[in-house]
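In order of appearance the chains are A, B, C, D and E, and numbering begins at 1 in each one.
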Amino acid sequence: DLVFPSMSYRTGPYAAGGIPFADGYADYFTMLNARDGGIGGVMTSVPECETAYNTEKGVECYESLKGGGGLVYQPLSTGITYQLIPKTTVDDIPMHTMGYGRTSAKNGEVFTHTFNYPANYWDGASGAINYLLAENGGDLNGKKISLVYHNSAYGKEPIRTLTDLAAKHGFEFTEVPVDHPGQEQKSQWLQIRRDKPDYVIMYGWGVMNQVAIQEAVNIRFPMENFIGVWWSGSENDVLAAGAGANGYKALTFHGVGKDFPVFADIQTHVVDAGKAAGAGDQIGTVLYNRGLYAAMLAAEAAKTAQEIHGVAQINASQMRDGMAALEITEEKMAALGLPNFGPSFKVSCDNHGGDGMVGVTQWDATAKTWTLISDFAETDKELIDGLIAEDSAAYAAENNITPECK
Amino acid sequence: MKDNAESYVTTDGRTIGPVVMEMKNITLRFGGVEAIKDISFDIREGEIRAIIGPNGAGKSSMLNVISGFYVPQEGEVWYKGARRPPMKPYEVAQQGIARTFQNIALFEGMSVLDNVMTGRLTHMKTGMLSQMIWRGAAEREEVANREVAERIIDFLEIQAIRKTPVARLPYGLKKRVELARALAAEPSILLLDEPMAGMNVEEKEDMSRFILDVNDEFGTTIALIEHDMGVVMDLSDRVVVMDYGKKIGDGTPHEVRNNQAVIDAYLGVAHDEEDAT
Amino acid sequence: MNEQLAFTIEVFANGLMAGVLYALVALGFVLIYKASGIFNYAQGVMALFAAMTLVGIQNGQVPFAHLINAMFGLDVHKFGWTVHSFVAILLTVAVMVVLAWAVQRFVFRHLVGQEPIILFMATIGLAYFLEGVADLMWGSELKALDVCAAPGACLPQGMNMWLEGTTYEALGYGFFIDNLDIVASIIAAILVVGLVMFAQYTKQGRAMRAVADDHQAALSVGVSLNFIWILVWSLAGFVALVAGIMWGAKSGVQFSLSLIALKALPVLMLGGFTSIPGAIVGGLIIGVGEKLFEFLIGAPFLGGATENWFAYMLALLFLVFRPQGLFGEKIIERV
Amino acid sequence: MLDAQPAQVQVENLLEVNNIEVIYNSVILVLKGVSLNVPKGGITALLGGNGAGKTTTLKAISGLLASERGEVTKGTIKYRGQSIAAQDPAETVKKGVVQVMEGRHCFEHLTIEENLMTGAYTRRDGKGAVAADLEMVYNYFPRLRERRKSQAGYTSGGEQQMCAVGRALMSRPETILLDEPSMGLAPQLVEQIFNIVKEINEKEGVTFLLAEQNTNVALRFAHYGYILESGRVVMDGPAKDLRENQDVKEFYLGMSDEGRKSFRDVRSYRRRKRWLS
Amino acid sequence: MFYREAGDFSTTYPQDQQTFPIKFDRYRYYVVLFIAIFVVPFLLNDYWVNSLLLPFLIYAIAALGLNILVGYCGQVSLGTGGFMAVGAYSCYKFMTGVDIWWGGELLFRLPEFNIFFSVIMGGVMTALVGVLFGLPSLRIKGFYLAVATLAAQFFLVWLFNRVSWFYNYSASGQISAPERDLFGILITGPSTTPWAAYLFCLFFTIICALIARNLTRGASGRKWMAIRDMDIAAEIIGVNPLRAKLTAFMVSSFFIGISGALFFSVYLGAVEVGEAFGIQKSFLVLFMVIIGGLGSIFGSFAGAAFLVLLPVVLKVVGVDWLGWPTDIVAHLQLVIVGLLIIVFLIAEPHGIAQLWRVAKEKLRLWPFPH
């Protein structure tokens, strides 16, 4: 078997986000097994382990799944990622942190076993600014932009990028932290009501998203000017606020909705066969699609690895090579039944982050759907690469790593 | 009355020393309630001093004043010839004043032995560091104090329950353990608040014997609150009588018993026949 | 009107409103503490459980569907009907009463006379249990909560336009107050008045306080601990439901709802564990205090997100001067 | 003086305890087969030294044992012929049996008056009757009237004892189990409390089962007595007979042939004579 | 019959005072120690160490510490998570060299401490912070104090999150333990061998247990217990309440700090304060203490074992053996843990330790019940 462990969190404070992702991840592999007979003729399996988004449980999961010969880990939590970066390196197992985790892991010379393609937090920040630039005819001078963020390592990620971008584009940037869990955000939103920023960017997670959007509705902050990162852009986050949330925007690095051929396959091979993961009611939601996308990328990387090494039953080390040589093109996606589902990108041994293309989606509260309103667009590479080089160099120095392409 | 500074010998041959503790014009109020009203009396070294009075007269409050738990609004406490400055209760205890409580105040979560050992705490001085290491100073001190505690346990005949958690003990034994704990401190003044409540005659006899022996052997000064007139009259050298916070009598048991005010307020008439020997 | 002043007043007013919401949660704690000396760790989870049950009933969800499906290979999810909010609330209250009975019957009846910390621990066990049951019963995904008297007449949310309009005309600055908060305040006021009357003027109220003081003695005069506890836990369950609705309307119903308990603790501490009015006053002080601090000092000088600890620090400060909280019963220290 | 009541030969037994065994914490065996009968309208005394098992017996009857992690493992307890063993204490109170617990157990935070009012919790006979009884209790214990607005936690030991007894009276019970009612009370009050007991017993026909250490008074007021030692009944009989019994005299009444001895003269600790075990 | 103490007589007080006065217990204790030190290290793999043993040992230290405070001294604290964070961050700073700045200039930088002393310093700094937050305990009691300690919890977490000096200005706000060795054997970092990490933690656990035992059987322990059982009476018989409480806070925080330091450096290797040392941690350790048994050294171990092992066992049974979906198992796990806590409490309110004691009492009498 090709083992793709799923470190899911279907309980705890973030269960609402964890469930669809885990379902999507599992369903895709179930479909591959049923439709294609696995990958390259080898069946896949997806052992699941519940982390409850808790670091210690995550470590326990990693250790217990390790025995099963997992090919690639998706820790799904920044905390767990930090745990596993050194561990996976030593164990020679690759890890994929898609749109979360340690941003500077993009530097494959330092972080040999961690991949964060197709986009990372800093791409998110830059993508949002780029989008706003486009909206404002390329000029943000004198505008005010606030960042509402989860007061944790994750939420603080974009600050440095945004500060630099503010200097570059001449907008005024303010930070508004929200403490975990973020059930009560009156002060923060009164502050925003007073400051009257032109745009608000949000890096939130869990209940903080719902409350923030609700409070934004309450103070009548125009939803079109409110952009969340991809972890603040699922149905969960907007549904509670009802009609008021109409027009809210969120970044993304993959397609939304069910309008892709692959969903027909999932319907026939998975749902109708009664093999859907979880309750089976999440198909087509943003986070489900993200799980599916992660699974697709993992499967493609496995295929690449099979090609490189010429064996069907690859191991984790070979999987890493596959990931490092992964290339996603329009044609490939179309062939998979996912045309234009995500940006096309190419991973290399020194670039583990892909090309950092980011799109924007918008919420339609009446139809209760997200729609992609911009293409997957470039981010400010120059600036981000500088930051990444700096941060990864610090990590390398701290841990006596000589950056090299392995 | 003899002069304060003078010692004298009682009829049964015990020496009563000079005054060690003197309460001067103590007044204690709780909000509107005046629990003690301008009371003065003294305690001599080596004597057994009883405090009696009806319920709510302020006896326990007086003991609490002595042990520093209540701070009187007015009045002074003189100890060993000097005015005692305001003090925390534990400082009073460290001066050698130990006591028992009316509503048993044992440490319910600990064994009898441990309770008695807490009485020794004022004597234990090793630092935390050597306690951590245990071997050496701490152990030596522990053993030395344990010996004292065991002596007291023997003395009060509670060997059999040494390791029993006090919560399981019946009321009477708890009182005895409390006495043991107070004695373990080897105090110079021992304050007893109704030590014999809830005991039958036989047990009271035992208890009396203990009290007398402590007084005899160690020369411990004892202040005693008790409602059993037989005990009070037999044991005490002098008696203070309180009523509604006021002192209504002070003197030898014989004097007090024949004091009309005391009879009216406290003893009642019905009692005489029973107590008559 | 001076802008800074206007903002400050606005923050103040919103602090009061937030305080009321905290107080709603704190009330449940107070009830149980007052009646049994139990510090009910499970109060937050009860709010979650109540809210989940309410939504589940409203939407006609099949309880334990996921478990049933997994065990018997079925595929049931919904009954296919929806229940009117009002009926659903009544049914939920009934569920909470059953819960109260079960708690009493299977837990606290066996723990009469134990120390407070042990009872506290039992409520922790209860919290785990309830959380698990709630998830198994209704699933752990996010659910939107709407309480509507009639279609279109739901719990109001969002800025009160009338207030904004009038203040704008009168003062030149339109104040922001959330409609939901206004509703919550009215409900809280009704609850508090009712509960105070109950505790102060009925014999059950007196018995409740007696039980908190001494289980055994209460038993010995014939107070039925069982009855008192069922009564009080039911009341607390009801209060939890109200809190669950108010908070759930804002953030949707999911696990984090149980964490609102953490916002209630400083309120409880400041108002006094045993005082019903204390919960409200404490809530107001904490609400205003933390909001003003964040607004005036926290955000400008300390980098923000100070509310969580500041609420506790503020309460701590009060406690140093009044160890039993503002309205709590004086701790009796006697020998 | 009281045992002179006409021979109660054919009285109905209200409470029958038959051969009960009680175990605490499922390991400590405390009562080893205790049987007793409490006749309707009588005053029955339960005597015995510290730790004999009096409190345990009373708690077994009232059902309070469960909350102490104790358990009646053998035997039956019947009230009016119905088994009340292991019953919810509140039920037992409804049946008319109320216990006054040893060591007062007042509700500290409630005022004296509220304490008394909780006593009336189970009553259904209207506000007026309760108010009248409150007045009655205040008349029995004027001290309580003075302190009615104080929190019970802040009253003196004796005041709390009065409060506990008063509280039991407030429930208008048919049977009262009194555990050491005289503990910590001033002598006239002891007498008074027993007089009240007698009065209520005679006027209202309330039945009493009282555990007492003050054997002397108890046997004067009771009709029948049981003597308990280490968990067994070692002797029982009409109070008069017990008072005349040599052993009882010596061990429980503190009288030898020459009459009552001074506590000071007890020179050695006496080994208790045991009837059994 | 199975469990005998007949024939065991103490003839001296030290003998009577020792940790295991009964021979049977003493031998069993030696055997356990022997196995733990000389046998277990040879049988280890990553899974056992990282998922079970390290958390068990480290939580046991924290539980010991909290037990001193709650179980022995009666001061309920919910600040454990915050105090562990102090331990972890102090350890980190000392590991990487404490830098002192003044007015934007680096005044000096301490040399990097050896990992052993870094952990100790974690304990020491936490002890100081603990004393500071223990001060209100003189006036505030019971659950009020418990809630008040949450102030420490929230404040400390906020502080470590906010002040970047604590995490050496790293971009992510996480701290990660660099590789450090002791006598050339790696203790921290990903390449550490399981047995080295295990023995390192075991050493601290044993030392802490010994210290806890020595303190609690002597004068300090009695002072604490006296304060716990009745603080007023304790004061009147001569215990200085402030000192007793503060020493309890100090010792307790010292242990908790050590455990926090180990938790970060040896066990996880990288932590983020809010996640690793949040309020849940405070509750978790408190649960361990109460379930294990308040006022019992053995109880701290039992409680830690219970709460570390139980979820894993349930998971293994549910997911691996029965093959149920993970979320149902996770939910059932909550239900079962909750039920077990309640059942335990009803069976024996004083925790596993007391259950064990009663069991021994019964065994001693077996086969005759009384």
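Here is the rule we use: a residue touches a chain if its C-beta (ideal position, glycine included) is under 8 Å from a C-beta of that chain, and two chains touch if they have at least 3 such contacts.
Per UniProt, the chains are B = Amino acid/amide ABC transporter ATP-binding protein 1 (HAAT family); C = Amino acid/amide ABC transporter membrane protein 1 (HAAT family); D = Amino acid/amide ABC transporter ATP-binding protein 2 (HAAT family); E = Amino acid/amide ABC transporter membrane protein 2 (HAAT family).
Just so it is clear, the structure is predicted and the values come from calculations on it, not from any experiment.
K.L.:
Hey, what chains does subunit B share as contacts with subunit D?
P.N.:
Shared contacts of subunit B and subunit D: C, E.
K.L.:
When you check each chain against subunit D and subunit E, which touch both of them?
P.N.:
Intersection of subunit D and subunit E contact lists gives B, C.
K.L.:
Between C-D and B-C, which chain pair is linked by more C-beta pairs in contact?
P.N.:
By number of C-beta pairs in contact, C-D is the larger.
K.L.:
So, what's the distance in Å between the C-alpha centres of subunit C and subunit B?
P.N.:
50
K.L.:
Determine the centre-to-centre distance between subunit B and subunit E, using the mean Cα coordinates as centres, and give it in whole Å.
P.N.:
42
K.L.:
Hey, how far is the Cα centre of subunit C from the one of subunit E, in Å?
P.N.:
Each chain reduced to its C-alpha mean, subunit C and subunit E end up 32 Å apart.
K.L.:
Report the inter-chain centroid distance for subunit A and subunit C in whole angstrom, where each centroid is the mean of the CA atoms.
P.N.:
Computed from C-alpha means, the inter-chain centre distance equals 35 Å.
K.L.:
For subunit A, write out the residues touching at least two other chains, lowest number first.
P.N.:
10-11, 15, 19, 151, 179
K.L.:
Two or more other chains in contact with one residue: find those residues in subunit D.
P.N.:
Residue numbers touching two or more other chains: 154.
K.L.:
By residue number and range, which residues of subunit E touch two or more other chains?
P.N.:
158, 232-233, 236, 325, 327, 331, 334
K.L.:
Please give all chain pairs that are in touch with each other.
P.N.:
The complete list of chain pairs in contact reads A-C, A-E, B-C, B-D, B-E, C-D, C-E, D-E.
K.L.:
Under the touch definition given earlier, write down the residues of subunit C that touch subunit B in their complex.
P.N.:
335
K.L.:
In the complex of these two chains, what residues of subunit C are touching subunit D?
P.N.:
Residue positions touching the partner: 112-113, 203, 206-207, 209-210, 212-227, 329-330, 332, 334.
K.L.:
Quick check: in the complex, which residue numbers of subunit C touch subunit E?
P.N.:
Against subunit E, subunit C makes touches at 39, 66-67, 70, 106-107, 110-111, 114-118, 120-122, 124-133, 135-136, 140, 262, 265-266, 268-269, 273, 302-303, 305-306, 308-309, 312-313, 315-316, 319-320, 323-325, 331, 333-335.
K.L.:
Flag every residue of subunit E that touches subunit B in the complex, lowest number first.
P.N.:
12-14, 17, 211, 214-215, 217-220, 222-223, 225-226, 228-230, 232-241, 247, 251, 295
K.L.:
For a test of understanding, state which residues of subunit D touch subunit C in their complex under the given definition.
P.N.:
Checking each residue of subunit D against subunit C gives 62-64, 66-68, 88-91, 93-94, 98-101, 105-110, 114-115, 117-119, 121-122, 151, 153-154, 167-168, 171.
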